[in-house]
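Listed after this line are the structures, all set down as structure tokens.
Shared chain: chain A. Partners: chain B in the first complex, chain C in the second.
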Partner chain A sequence: MTRIFDPPEPVAGANRHPSADLLAGYADRGIDEVVAWSVEAHVASCAECRTTVSAHVDGERLARNRSVLLALTAIPDGGWGWRLAWRCGIPDHLLRLVAATSSLRRSWLLAVVGVLTVVTGEAVLVHHLWPPGGVSPHGASAAGLAPFLLFGPLLVLAGVAGAFVPALDPSYRLAVAAPFSSLTLLLVRALSALVAALVPVVCAAFVIPGPVWLPAALLLPSLAVCALALAAVTAVGPVRAVVVSGVLWAVPVVLLALGRSPLETVQSHGQAFCAVVLVVAAGVVFIRRDRLEMGWAR
Partner chain B sequence: MGAMTVQVEGLSRRYGNIRALDGVDLTLERGITGLLGPNGAGKTTLLSVLATINEPDAGQVSVFGLNPKDRAERVEIRRRLGYLPQELGYHRHFTVAAFLDYVAILKEIVDRRQRAQEVARVLAAVGMERLGRRKIRTLSGGFRQRLAIAQALLGRPELLILDEPTAGLDTEQRLRFRELLSNLPGDPVIVLSTHQADDIAAICPRVVVVLEGRIHFAGTPAALAETAKGHVWTAERRDERAHMSWRDGDNRWRHIGDRRPADSETAVPTVEDGYLLLSHATGTR
Partner chain C sequence: MRPGADGRDDVALLRSVAGGDEEALAALYDRHAGWLTVRLTRRCARPDVVDHAVQDTFLAVWRDANAYRGDGDVAAFLWGIGIRRLIDAIRRDSGTKRWRPWRSTEPEVVVSAENQVLVGIEHGHLGQALAELSPELRAALQATVLDGLTCAEAAILLGVAEGTVKSRCHRARAALRTALADQPRALTHLPRNQAWETP
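On to the complex of A and B.
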């Protein structure tokens, strides 16, 4: 180990000061780490040595470090959710990319909750006015679920669309001209938006007066309609892809609702159809993933 | 095509019936090149092709010997690119530092400390060191433009594409911007588009005039000014035959045209005069 003090006493005590050479070495980061700790402990309580150290520090480097520290403290995290995700092992740079997703903004999520509140309220109202087995028109209570069944997966689709529709990304052109993989960017954002939208939809499904299996039954259709949109993006423009996917979900729900049996869209046949759509769409996304890379397009 | 610079040959691009670029040939050397042209001339389209955003209908592009048609080479071009789009949108809920942090990640700077170093460097470069914590929505237009310039400098790009970088900057900020560009280390290739002929005259050793999707002039600002020699006069009265005339700082009429007005004096042409004469000759003004 480096001999650091003139006498063989402890590195720094209350009444002894480190040598000038040692302080210079400390300023240049040229001394052993353990010794540096001792010097640091002394310098913290000794104004005279602090003055000596500052004389050895490169002013430009100090200013640079100060700027970096300022920048580090100015770069905020995204609150408790961010810290929780970071503690779960998600890298902070991915969290920053997610934070730039429009459909994860508080205002967007509040809008989702608002729509869900309306359609859930409607279903509750219909259920109380025309309870199943009452004197109401046949199937009125089930038909009351139609708006929720229609909007639930559509809200999830809208959230995922927020992850890849250029008009919803204010700095889209920067993302295109950057080397970061746009496929990774899209998938990270889409997955985050999917989860963020699915949670309130599934929660609302627990509240709504419907069958107990309804929350689980909404998962597959929601995933299928989002996967379909992503698959369609490989062939047509993003907006068209979202509209086509949305319409393909809305048409059967509305038709079945007119026939007073909207729940069929999420029952066994509907689930099987959604599973097929999900698998095929995921396959298309995988095979045509190059087409999800942004830029150099007409 | 050369390996060391940016070269474009026979570049064409249409938007429906509109021909935005029509057989453009261009070489960009290291240093600053200014693109001058009116709105709709094709400057932004040309820059977006160079920035690997838009694919041309026809023609070849080579950036440092890399072909953007090839996916891997396109990514490599993007690694060396700094781009300021004409209309840069912001995530308005982001702070200044968070926005730069976001762009740094897009530029593949993943390490948090390294990102902070880059953010600090570019903030200092545009004089915004103390504004890192400010929300973007609270910034004035001039500061937003400085932020836009700062993000383009992240990662020390070798090719800097700046579309209307001085729009929204006041006189002092424009001078600082000129100073900043002139002192960038590493001698990058810089191409900037502008309406400000005085910006071109002040900092660009080369100027390219784009009119109706074609290159009509490529040379030094002095050579562009020279094209108006013998076509610029000042006089006490306005001459209706002039292509263009306006009152100058001495309250005299400055005329650009083919016929000398009565009782006029020949004036030393500027870059702006050369550009205006060229625009008139091609029927774009």
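On to the complex of A and C.
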């Protein structure tokens, strides 16, 4: 081992400083370990040398950490629910990033409730105002359900999209800079957003005049559309993925609604098809999860 | 930035941080994040884990600046938080979940006698003895003696079992004792080192 020793040299005290080369070597891990111990012991108690050492750190890296730090301080502690989740071992940085998901914000959820109120109101109006004895006994209220069937899963999809489309995500840079698996973050946020959007949609399905199985029937299509979007993100950009899966849901619903049988999208054949899409999409997400790790951050 | 924000000393900055002053936190960060990053990088080569530990350190200061009792060096206080945040970050990264108290109390770090001995250690017999240790033994010694970590914490930092840390420390101490007792070897002729200069 190449070592430089100088036994007669007096031990450096508080009034002596390591040379600039030595400090640079300490910062860049370029000097020997034992010398580094010595330099570190000095640096620990010398503000001047700390400043010199700090100058060797990549400024961009420090600036990035600084912005993450200030962003994290700006996000307030969530209340008891946040603490409960933290107690359960979910790391607080993850909780903060989940809490920062735009589709979990109060304004977003209010918008979801707003849209649902309109489509539910429409369905109720159609149910009550449609002249009795129309085309078919079931057709009247079924036709009124079309907007709800169209928008329900789309609202859930929009919520999930809020978890990974950079344009919708104010904390996107924060999430990218976060030093842990972006896949974990994406899935956790997507799942939280999914649940947050599904709850009002399913609640609306209970209120809306329609078949009793409607709330349950919406689960599978919603999941399938979201899974499809996630699977598509492994191949194309996030915005395109969301638009494609949204259109793939909207087109059959609109076509069937025009054919006066919108409920068919969520009946047996529709459900089976959604189940297949869900399984295939989940498989794609699992197999191509490496692409998702980086892919969604494009 | 408020004029003169950088002019305040560390203790004043910490007090402002305790009062919820974000600019003081930013100033504290600007002053201390650099060397903290360097010092943590010497313990953990992964920049993402180190970055996380640095963020966590200042976040901990932000949330609980009152933990600083007003005595001792602020840099040492930050280092005491930083090294444990690094271990937390490594632990989280390796997927081991543990129950932690809601506000973990950071042990007070004081400038130790070891630190005083260490300044200029490379010039002495102990320095040569240390240099002759294998890197694993030195790392175990650094974590337990210099950084004051428990064996369990050192095990997480070094990525080995707790028993391994104990046995490495034992071997390191034995090797140092032998080397220091072996005076003629320590006094072999060596070139002068001009690396330390007077201001």
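Operating definition for what follows: the second predicted complex is superposed on the first by the 192 of 298 C-alpha atoms of A that agree within 3 Å, B and C clash if a C-alpha of one lies under 4 Å from a C-alpha of the other, contacts with A are read in each partner's own complex, and residues count from 1 in each chain.
Criterion: a residue touches a chain if its C-beta (ideal position, glycine included) is under 8 Å from a C-beta of that chain, and two chains touch if they have at least 3 such contacts.
The shown structure was predicted, so the numbers you read here are calculated from the model rather than taken from an experiment.
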Would you sort A:184 into first (chain B), second (chain C), both or neither based on which partner it touches? neither
With both structures superposed, pick whichever of chain B and chain C touches the larger number of chain A residues. C
Taking the superposition on A as described, I'd like to know which of chain B and chain C A:40 touches: first, second, both or neither. second
Once chain A of both complexes is superposed, is A:117 in touch with chain B (first), chain C (second), both, or neither? neither
In the superposed arrangement, which partner chain does A:70 touch: chain B (first), chain C (second), both, or neither? both
Once chain A of both complexes is superposed, is A:290 in touch with chain B (first), chain C (second), both, or neither? first
Looking at the overlay, does A:61 come into contact with chain B only (first), chain C only (second), both, or neither? second
Across the two complexes, what residues of chain A are contacted by chain B and by chain C? 64, 68, 70, 72, 74, 91, 93, 179-180
Give every residue of chain A touching chain B within the complex, in rising order. 64, 67-68, 70-72, 74-76, 91-93, 96-97, 99-100, 105, 169-180, 185, 290, 293, 295-298
In their shared complex, at which residues does chain B touch chain A? 48, 51-55, 57, 68-69, 71, 74-76, 78-79, 81, 83, 85, 88-98, 101-103, 105-108, 110, 112-113, 115-117, 119-121, 123-124, 129-130, 132-133, 151
Across the complex, what residues on chain A touch chain C? 1, 3-7, 9-13, 15-19, 21-22, 26-27, 29, 32-38, 40-45, 47, 50-51, 53-57, 61-62, 64-66, 68-70, 72-74, 83, 86-87, 89, 91, 93, 179-180
For a test of understanding, state which residues of chain C touch chain A in their complex under the given definition. 22, 25-26, 29-35, 37-39, 41-42, 47-49, 51-52, 54-56, 58-59, 62, 73, 75-76, 79, 89, 92-93, 97-99, 102, 111, 115-116, 118-125, 127-128, 130-132, 135, 138, 142, 146, 186-187, 190-199
